[in-house]
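Structures are listed in the sections that come next.
Each of the next two complexes has chain A plus one more chain, namely chain B in the first and chain C in the second.
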Partner chain A sequence: MQQQQQPSNITRRHDPSHPHHHHQLTEEQQQFQLFQESLPKINRLVYQMLLNEIIPTSISVQNRLDESDDNSDAEQLKKLSISEKPVVPSHKLVSQMHEIKNEGRYNNILERIRTIGFKLGCKIADLLVFANNPNLNFRDMDLLAIMKFVCRDVWKLVFGKQIDNLKTNHRGTFYLIDYSYQPIKNFALNDDTNKLSAEELEKKELKSVEPFLELPVGIIKGVLEALGYNAKETICLATYIDLPNEDASHYGFSKGISFHVQVTNTTRQQQP
Partner chain B sequence: MSSSAGQQQIKTLKVLGEDVWKNKVEKINSELFTLTYGTIVSQLCQDYDRDFEKINDELYKMGYNIGVRIIEDFLARTALPRCTDFNTTSEVISKVAFKVFLNLTPTIANWSQSNDAFSLIISDNPLSDFVELPIDAMKSLWYSNVYCGVLKGALEMVQLDCDVSFVSDILRGDNQTELRIKLNKVLKDEIPVIED
Partner chain C sequence: MTIYSFWIFDKHCNCIFDKEWTIPSQPRSGTTNSKQNENVAKLLYGLIFSLRSITDKISSDPVDFLSQKNRIRSITTGKCRVHLFETATGFWFALMTDFKQDDYYDILNHIYKNIFVRFISLNYISPSDFVENEDEKGGQGIRKINNKNFINNLELFLSPLIS
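And now, the complex of A and B:
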């Protein structure tokens, strides 16, 4: 790439939600915090599980759609004879992913996950806009400020942590790097058969986890869409990157994730 | 069990649930949860072309897969022993499980004569906040069907084979949201074959 990248590390920014900074907050910020705390809450684990279950569910939906395409009569018959079909466990569904040869099917599944992410992203942006956070002023945000908002506020809300690093060339290209992407943090494959080499096992692992990266891709595009950057003019791709050397063990999953975001038309469309 | 001992136990469960919720749980805005679930349901409606039977089924399956895994966290977090009877099970579900995961306590009602089935009356269901169903969905969609799957899966993991289903839902115009749990049988612990 010919453009020079200027890293701008956002992780060290002071976090306004941190209780130790109480005395530094303005009255407005304190009121916002009180308001946030008064909202109904649920357990984060439940949310995380729901979020993760989107992937196997999307695969299951595809299986079922294909099934009824293939033989709608047989489907009807099955419906009559057995009212309750056994549930396929999620891990089995996810492990089907790397065995799918049919590219169309594979892409349909990814597309479905991305669409859910996209719709979710739009709603999350609305949620955060209407939260009236005094630290955010959406009207005056440029693209860089919006990407920072994605890294900090959106990621914190959905995944409970911020993006670790944001890089940009200031011309519409951004790299959002997450070294411990929460939904796959605890994923690892075991080789029961001892037939695979370490390399093959890792390849299999990365391939199985791939669909989990489509959800945040959709979310990023959705947030950008909601804030005035048309989805047709943004590209977002997720790839694996190596973890920084020092201590890979505390990151969990063996690879970090890099989201490459490209906005081709950087003028923001004013919403009506 | 004398009724006062029973009362005591219920009180303890209530305290336990509140304590775990207050001190041992990372919390998030329930609005985010509500709209994420809504997004999933709306995508299913699109995929299955508003075939609500299939959507109910898919939500149930999704719940089942969550249930079989969430029970592990539940047992680890609460350190509760096995329930001695189905009465206790009902109390644990309402006072501890729902409290710890969703911060609500459904009312237990409508015990069957043989004590093998009860209802949970869920008010303030976080899944259906701000939700209004279109007319065609009101007749056949169980919007929160994921709960049934979760309970089915989780109970199965503690050797209780149950039927779980909704009886009524405010979203369908009923005056309360009622979920029915019926015990089919207590599954036997597998004993390994003894080898000589």
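And now, the complex of A and C:
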């Protein structure tokens, strides 16, 4: 059903041989560049770590909620007192994910992360419309142009790089492929017991990383929602794909990420 | 220049990583986190620790943790030289080499900055402190860095220096 017609590649990497085309920029584009340079800047590392910390935090919140479910009011009152709780390290919280048997609980955690991403996405869209890249005209953008906007501007803002590949069947189905998704590119499981085989370890590793993919899923849905595509009519899923260059998998995260976006109602809802 | 082995110790007096190259012409040869190296690790730790306390004593300045003025940088014996790099967070990086090159400070600094921080500290699904409970503190730890990204990148970076 999803045959792909002519996958269109929109990859635009910075080419070092052509550093700057200042003479080719229009005055508007020059102003945009100046505007971007004048924006406040923060350390990307800290920001990236905060984004990643959303995942263990969501798991921790779910743990606390489950704890309080089966307690009486008196017990609840006791909990209000400020007492020191043992701090669980982030990697332990993340490793709990593949031990969760209760599917409802698992989905609650993913839903919480997606919701955070969704709200982030709505706001990011506003910020980027405000920043108003002169190459973009939001009024008469079609769905493909909006997906390109997600691949270039949104990804650049949030993850510091563009999506590597965009494929579409021109009927509302898109594949956004990122071969080095920044937040997880350094991740690898540390097996200090040495009991697992290589395949088991990889399986466990991919399962542990899964919740980290829910944040961008939420962000994509949020941006689409803000630009007039109802979140109820969009489906977004993240899956692993193999890297094109086999060697690269030895020196970083072993898989690339493919985001599958499907928009059922491709007419954009224009605000009155 | 030849590198014989590489060690990492943490602030809990544990050896959390060791790598020994056996045949210099083959960078892939050698052992990683070997059980047989446990005693050597303890001896090496003791040697470094003792020399550190001596250098602290004989220093004319008060101990300065930030500038690490009088921190021990290398130990030379008749056969080999051990280069040391110490971080403020209590990790010791030790590199055992021959005499051909005097200073491996930049190399150890690079390993810490671009390999250790990247693949251990920024890795959310594995620990950055390799002690799980009180019993493992004080040199009783059993946990090692076993992360394939870290080991592969370290080997890739050090392999030209081994020959």
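Quick notes on this structure:
Heads up, the rule we're going with is that the second predicted complex is superposed on the first by the 244 of 272 C-alpha atoms of A that agree within 3 Å, B and C clash if a C-alpha of one lies under 4 Å from a C-alpha of the other, contacts with A are read in each partner's own complex, and residues count from 1 in each chain.
As a convention for this text, contacts are C-beta pairs under 8 Å (C-beta built on N, C-alpha and C of every residue); 3 or more make two chains touch, one makes a residue touch a chain.
Predicted model only: the values in this text are computed from it and were never measured.
When the two complexes are overlaid on their common chain A, residue A:Val209 makes contact with chain C while staying clear of chain B. Once chain A of one complex is fitted onto chain A of the other, the partner contacts of A:Thr115 are limited to chain B, with no touch recorded for chain C.
Once chain A of one complex is fitted onto chain A of the other, the partner contacts of A:Arg44 are limited to chain B, with no touch recorded for chain C.
Which of chain B and chain C touches more residues of chain A is settled by the count: it is B.
Looking at the shared chain after the overlay, A:Asn186 reaches chain C, while chain B stays out of its contact range. Looking at the shared chain after the overlay, A:Leu34 reaches neither chain B nor chain C.
By the document's definition of touching, of the two partners only chain B reaches A:Ile54; chain C does not.
In the superposition on chain A, A:Ile124 makes contact with chain B only, not with chain C. Legend: residue contacts after superposition of the two complexes on their common chain; A:Ser90 is shown touching both chain B and chain C. When the two complexes are superposed on chain A, the residues of chain A that touch both chain B and chain C are 45, 49, 56, 89-90.
Those residues of chain B that touch chain A in the shared complex are 21, 25-33, 35-40, 42-44, 47-48, 54, 57-58, 61-62, 64-66, 68-70, 73, 100-103, 126, 129, 146, 149.
Of all the residues in chain A, the ones that touch chain C in their complex are 45, 49, 52, 55-56, 89-91, 94-95, 186-192, 194, 205, 208-209, 212, 250-253. Those residues of chain C that touch chain A in the shared complex are 118-119, 122-130, 142-150, 152-153, 156. By the touch criterion stated above, chain A contacts chain B in their complex at residues 36, 39-47, 49-51, 53-54, 56-57, 60-61, 64-65, 85, 87-90, 112, 115-116, 119-120, 123-124, 127, 157-158, 160.
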